[in-house]
Structure formats: structure tokens, C-alpha cells
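A short write-up of the structure that comes next.
In order of appearance the chains are A, B and C, and numbering begins at 1 in each one.
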Amino acid sequence: MNENIQTIKDPIVTIKNLSVAYDKTNFAVKDVSVEIKKNSVTAIMGPSGCGKSTLLRALNRMHELYENIDTTGSVFLNGDNIYEMSTIKLRRRMGMVFQRPNPFPTMSIYDNVIAGYKLNGIHMKKTDRDEVVERSLRDVALWDEVKDSLMKKGTFLSGGQQQRLCIARALAFGPEVILLDEPTSALDPISTNKIEDLLSKLKENYTIIMVTHNMSQAARISDYSMFMYLGELVEFGKTKNMFTNPNDKRTEEYLTGKFG
Amino acid sequence: MQAYTEIDNSKARSSKNKVFQYMVIAFSVITISPIVLIIYKLIAEGYKQLSFRFITENTPSTFEAMTAIQNNELIPGGIANGIVGTLIMVLMASAIAIPVGMITGVFLYENQGKRYANFTRNISDILQGVPSIVLGLISYMWIVKNVTNGFSALAGSVALSIMMVPMIVRSTEETLKMIPIAIKEAGLALGVPYYKVILRILIPTGFSGLFTGILLAISRVIGETAPLMLTALGSSVINTNVAKPTSAIPLLIWEFYNDPNMIGLIWSSSLFLMIIVLILNTVSKQIMAKRNK
Amino acid sequence: MNSDKITKIFLYTFSFIVLIVAGGMVFSLVGGSIPAFKTFGINFIFSKDWNPTEGKESYGALPFIAGTLTTSFLALIICFPLSFATSLFLGEYYKGKRVAKVIGTMVDLLAGIPSIVYGLWGFYVLRPFLIDLGMENQGFGVLTSSLVLAIMIIPYATSLSTEIIHMVPNPLKEAAYSLGATKMEVIFNVTVPAARSGIFAGYILAFGRAIGETMAVTMLIGNANVLPDKFFGPGNSMASVIANQFGEADGLKLSSLIAIALLLFLITGIINGVGKMIIKKMD
């Protein structure tokens, strides 16, 4: 199987023998090893239940919030073992965007963007805060649309705008990696388009790892792709190569629509 | 890329987090300690006096009690008059409150969102907040003064029923709201008249919720003393005439408390009362748990 | 007319019963207190008198109003940290676990204890304890009754808060965790703001309950018709004076007691009404 997993020079994230089990025996992720290239968009694809979201959430140790989940193996971020740093530090270096837009309903748009700093108790001068908010909102192409309503609560925004707000919130303190869990599956096609363009631009400054159940989305914007099936990493390589010339039979069957 | 000076406050925040967690646990333990202490006291002091006699005999006179204490014996007698009185008044209160509460609850269920219904619901909620002593006073003015011309079980029942109605209204409405609307529509679609859908389909379907609502209302009023002080007054013998004063378990506890010779009986009576309340609550919880499965 | 229409009309008319009872209550209370207000005027609310001697009768409600409000506020303050911590315990930290079920049941039990039993326990257990700690006046007073009152209202505040905190959706909290927040930070910045209307409702309910409590306060507050100016001193409450002075009350005295009941009714009604409005605003 190893020949189906491409190696990366100077990877930013290295995953070694990662396994995640629910209730001790139900393995959602089985012994995955892969490297992620810096400043790229890496897509994680596979049919429902293949473990892609579970794998993603292991990267920022979200599983530790829930008791019945066990994780083994190791993950390195720029050479640092993520299990040897505090979760607080880790999650500032790896931000996350969820499937359903979830801006904090009791905070204004402004406060939502800056929420990372506020929650972490970091005090900044007002001018610095304003700068961070404007920069993050510009980065997600939302600034012009909301600059006059920054103090309003974010719930009046459309789904696509809310999701961009969530991305801005994750970007606000400059993480190295952004993890996205099916970020556009709850959105309409136009918003999806906007966000895909956004992600392609963002990779200049960030590394994007994105779970998607939409193959054409992976084909459109990702540089590298992982194909997972029943918890195993079946194949990993340059997206173009995988789509035109898949190495594993299962990959080929998935890409040609033989199973969902 | 960073608009702030990097201060590593994560260690401080982690310890603050841990300290807070310990505080939460400590405070929670303090919160439940009274229940442990109270039940312990009730059992320790009360079990001695509990017996079959206790449930079947009437309260002793203060003289009998004094003699027993002097002879170092258990105080004779029991709380039978209180038990019967409580039973009669709770039954009467339920007879009034259940139909009133349930029908009003059905009304609210059928008129969701309408202004008049919302107003009625608000009034019911306000009634629920009225202190029980005020209800006792009301029943005194209405029943004791005008209907039975004296303290009576009826007056006591009326006060208790006013307490129960808002609780039953609320639980009826909530229970019915939880029934999937498809069931009601299926009944109507079969041409069943509306009132039959309510009586034969909705109420049986929601029976466990409705029943627990009633049980909880009963357990709430069974321990009430204040309103009964102004209405039922109390009696040293079993009384079945609802137009006359009657005893009740909480009233007896109050009488025992005020008489130095009878102090020995307060803990057993309280224990008895608590056991009944506990049984009612446990049964309700069981029914609710079964229904949620 | 078909039966459905009849049913609808029946339900509609039947709902009047609740309104009539409520209206009747107001009517009776107002009517019964008119003699007192006619004699003493609005000064009734501010007077400290309580003199039943014939010919010199004078009654005032101030000590009782002050006593009720003082004990209830004090009880709320004492109850708040305990019940808030417990709702976090049940709805956040140990949510869904067995220990939460056990503790939750025990808290519910607190609500099931009849108030007279609380009074007895306060009288026979808490009071001696406080006397040992140096409290005067045989341990009767504002502090003792507030303490027992606090214990009595804890389940009301806790159960509502716990339910709402329990219902804060996971994705919201996860978003905050993913930004690096600690559990405590998530609680104060996300969970509590999201749950604030339910938490507030619980405390309004608890406060209203404290105001109307009769037996436990009567047995512990000392029944002294004075303003509660000393923390450890005695006092009296509106509900207690009605219960205590009711026997053989007649004429002007009875009217004064009814007036106090009317005030009690108004105070609880206003608290619950205002509470509901604030909760609506918060949502």
C-alpha cells in the first residue's frame, strides 16, 4: 500500500500510524500515515463513514472532549509533537471551520472575528483589534459587505456569509494550518463557489486540509488528495494524478461513481 | 503576522481552569449535603415511633403524652386523624383541580399562539406563583366565612386545589404538545369528531405525562401547612364531615411542634410524610423514564 | 351546530374559570383590605406599628415587608453560587454521566421536602449549630431563616439552569474549543451567554418562592415586629405574620392581615411578570 502514498519533502504536518477508536473496539481510523505539504490544499475524500472527519478532528485533538474515543499514533506540526504541547497552543496553530456555520449567536460580527483573542484572554489595543478584524474580514472577502454592521450580531447574515465569518474567525490569529470539515456542504452553489475561490487564495499564506464529500470540489481546488475507505488511507498523491490515473482499484471505483 | 506581543498565558489559564473545576465540585457537594443531613435526622429520630399503631390511632392528648414521658415510655397514639384528613382533602382537591386543569390545558394546546390563550396561560402562571398562605386566606374568605360558616375540610381542599390547577394546566399542555401532530390529524382524517380525538386518542396517548403531572401536583400540596392553618384548622379525631374542621399530617406536625409534651412525635410524623412524598416522586420518575424509552 | 364547534366553544368558555378565580382573588383581597387602607391610608405600607389593643389599634406593614425582602434577597445571594456551580456540574462537567443523575435526583429531593420539615430541621439542628458559632437571641433571626430559605430554593434555580445549560449545542462549544479556549473559558464566554435566559428564569422562580415561604421562616425568624437591621437579629415576614396573627383576628386586624396578603400577592405577581418580560427580551 505504501506505493500509493506519496512522500512530501519538508512536510508541515506529519501523521504517523494514527488510529482512532470509538468505545475501544470500533476503529474509525486505522493506522494512517501521511505527510501534508506546506501552503497547499489537501483534500480528504471518501464515502460516508470512511473516517475522514474523524481523521481531521484528531489533528487538533478535538476527540479529547469526548470520553469514549481513543487515539493512538503521532502527529507532528512543523516538527512539534502535538501531544506534547497544550491543546490551547495547538489550537492556535491549527484552526478549524465546521460543517454548519456556527458564529457565536450572542456576539457581534466584530466580536466573533476577534473571539479567538478574547477567549484566550489576550488584551490588545483597540487599534490593533480593529486592524485584525479588518484584515481577517478582507481576507475572506466579507469586509465590504459587513463593514457598516460590525456591531450587529452575525445571525442576520446568509449561510455563505456566516461561513466566511467563521473562516475569518479561524484566520484571525494567524494559524499555520486550517482544518475544514465539509465547509460548503450546507451552502448554496454560489456561496460554495465564493468559498472555493477563497480557499485557493488562502493557500498562499496557510496550509489547508479539507474534508469533502464532493469529488468535483476536490478536483477543482485541491493540490493533493487523500482517499479513505473504511478507515484506511487507500491512496494519497497529487490530485491531478489521482483523478487521471488512480493506483488503487478502490480509488478508481469511487472516482467513477461506483459507490458513494 | 501577529498584531500583539506573544505572552504565553496558557499555563495560568490551565491552572485557573483546574481550580474552577474543583470549586464547582466542592460547591455541588455542599449543595446536596442538606438533603443527606435532613433525611438522616428524620430516620434517626423518627423510626422509633413508627409502627402499625402509629398509622391507625388518633393523636394522644397532651396529658397522655406527658404521662408517657414521665414514665419513660413511647408516646401512645398515632396520626390516623391526620392521615385520613390529608387523604380526604387531597382527593377533594384533585377532584376539583384535575378536570379544571386538564380541560384548560387542552384549551391552551388547541389555541397555540392566540392572544387570548397566551393571556390565560400567563394568568395561570401568575396563579402558580401566589404564596400558599395567600391562597389559604382566600379560601378562608370564600369558604370558611361564606359556605361552611366555620373551618372545614372543604375550605382546605379549595385552597389546595387552587395550588394544583396551574401545575396541571402546564403539564397537560406540555404533554399534549409533545404528541406528534400526525396522530391528531390521523384521527380527524378518519372523520372522528374533535372531542373524541381528544378523549380517545390524545389523552390516552399522553397518559403517562398527564399522570405524572398530577402525581407531582399532589406531592407538592400534600406537605403544605400554611393554607390549612387558615382553613381546615385541625382536629383531634378522624373527621369525615367535609363541612367541619379536619386534621392533616402537616397540621399535626405543627401542633406537635407547639406542644412541649408532643415533641417526640414530630420526627416520626415528618418521616412518614417524607416517605409518602418520596414514593410519589419515585413513581413519577419511573413512569417518565419508561415513557422516554 | 356540529360537535366540533360545540367542543371549541366549551373549551373556550371553560378557560374562563381560571380567569374568574384569579380575578376573584384580586377582588377579595382588595375588598378585604379596604378597611385597613381607609383607616391608615397609604401610610400602612410605611408604618412600623402593630398594636392590637382596643381603642388604640394601629397596624403597619413595613417591618414585614422589610423582613420578607431581606430574607429573600439574602437567600438568593447564598443560593446563587451553590446552585450555579451545581448546574454546571450537572449540565456541563458531568453531563450525562451516572453521578450527574444521582446528584440531580438528590437536588430534586430538596424540592420535595415539605416546608414544615425544613422549619423543624432549622429549629432543631441548624439553630443549635449557629448558637455554638456564637449567634445570639437563641439563634432565631434573619440569618437562620435566610440560610434555610436558600437551601429550599436551590432546586428551583438549579433545575431550570441545568436544563438550559444542557441544551447548549455542541458545535457552538466546539467552535470555542477549536480556538484554544479552556473549559472554564468556554463556559463563561459561550455556554452561559447562550443559556442566560433560562438561568435568569430559574433565579426569578427561586426568588418568588422565597418571598412566599411561610412555615420555615415563621419557625426561625424570631417573630419580632421590628425592622431587620441587625444581620444576626430577629425580624418578621409578611407570610409569617399572617400565619401567626391569624387566629382570632377580626375587624381591623383581619383587614390589615388581608392587606398584607394583598401586598404579598402584588409583589410575587410583579416579580414573576417582570421576570417573564426580561426573559422574552433576552431570547
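The criterion applied here is as follows: contacts are C-beta pairs under 8 Å (C-beta built on N, C-alpha and C of every residue); 3 or more make two chains touch, one makes a residue touch a chain.
Note that this is a predicted model, so its numbers are computed, not measured.
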State the chain with the largest centre-to-centre distance from chain A, centres being mean CA positions. B
Would you mind telling me which chain pair, A-B or B-C, is linked by more contacting C-beta pairs? B-C
Separation of the C-alpha centres, chain A versus chain B, in whole Å, is 53
Using the average of all C-alpha atoms in each chain as its centre, how far is it in Å between chain B and chain C? 16
Sites on chain B at which at least two other chains make contact: 13-14
For chain C, write out the residues touching at least two other chains, lowest number first. 182, 185
Provide the list of chain A residues touching at least two other chains, using ranges where the numbers run on. 88-89, 120-121
If we count contacts the way the header does, which residues on chain C are in touch with chain B in the complex? 2-4, 6-8, 11-12, 14-15, 17-19, 21-22, 24-25, 28-29, 32, 81-83, 85-86, 88-90, 93, 103, 105-110, 112-121, 123-125, 151, 154, 158, 182-185, 208, 211-215, 219, 239, 242-243, 246, 257-258, 261, 264-265, 268-269, 271-273, 276
If you look only at chain A, which of its residues touch chain C in the complex? 60, 62, 65, 87-92, 95-96, 98, 100, 102, 104-107, 115-116, 118-121, 166, 169-170
What part of chain C is in contact with chain A in the complex they form? 171-172, 174-182, 185-186, 189-190, 193-194, 196
Which residues of chain B touch chain A in the complex? 1-4, 7, 9-11, 13-14
Interfacial residue positions of chain A with respect to chain B in the complex: 86, 88-89, 117, 120-122, 124, 128-129, 131-132, 173-174
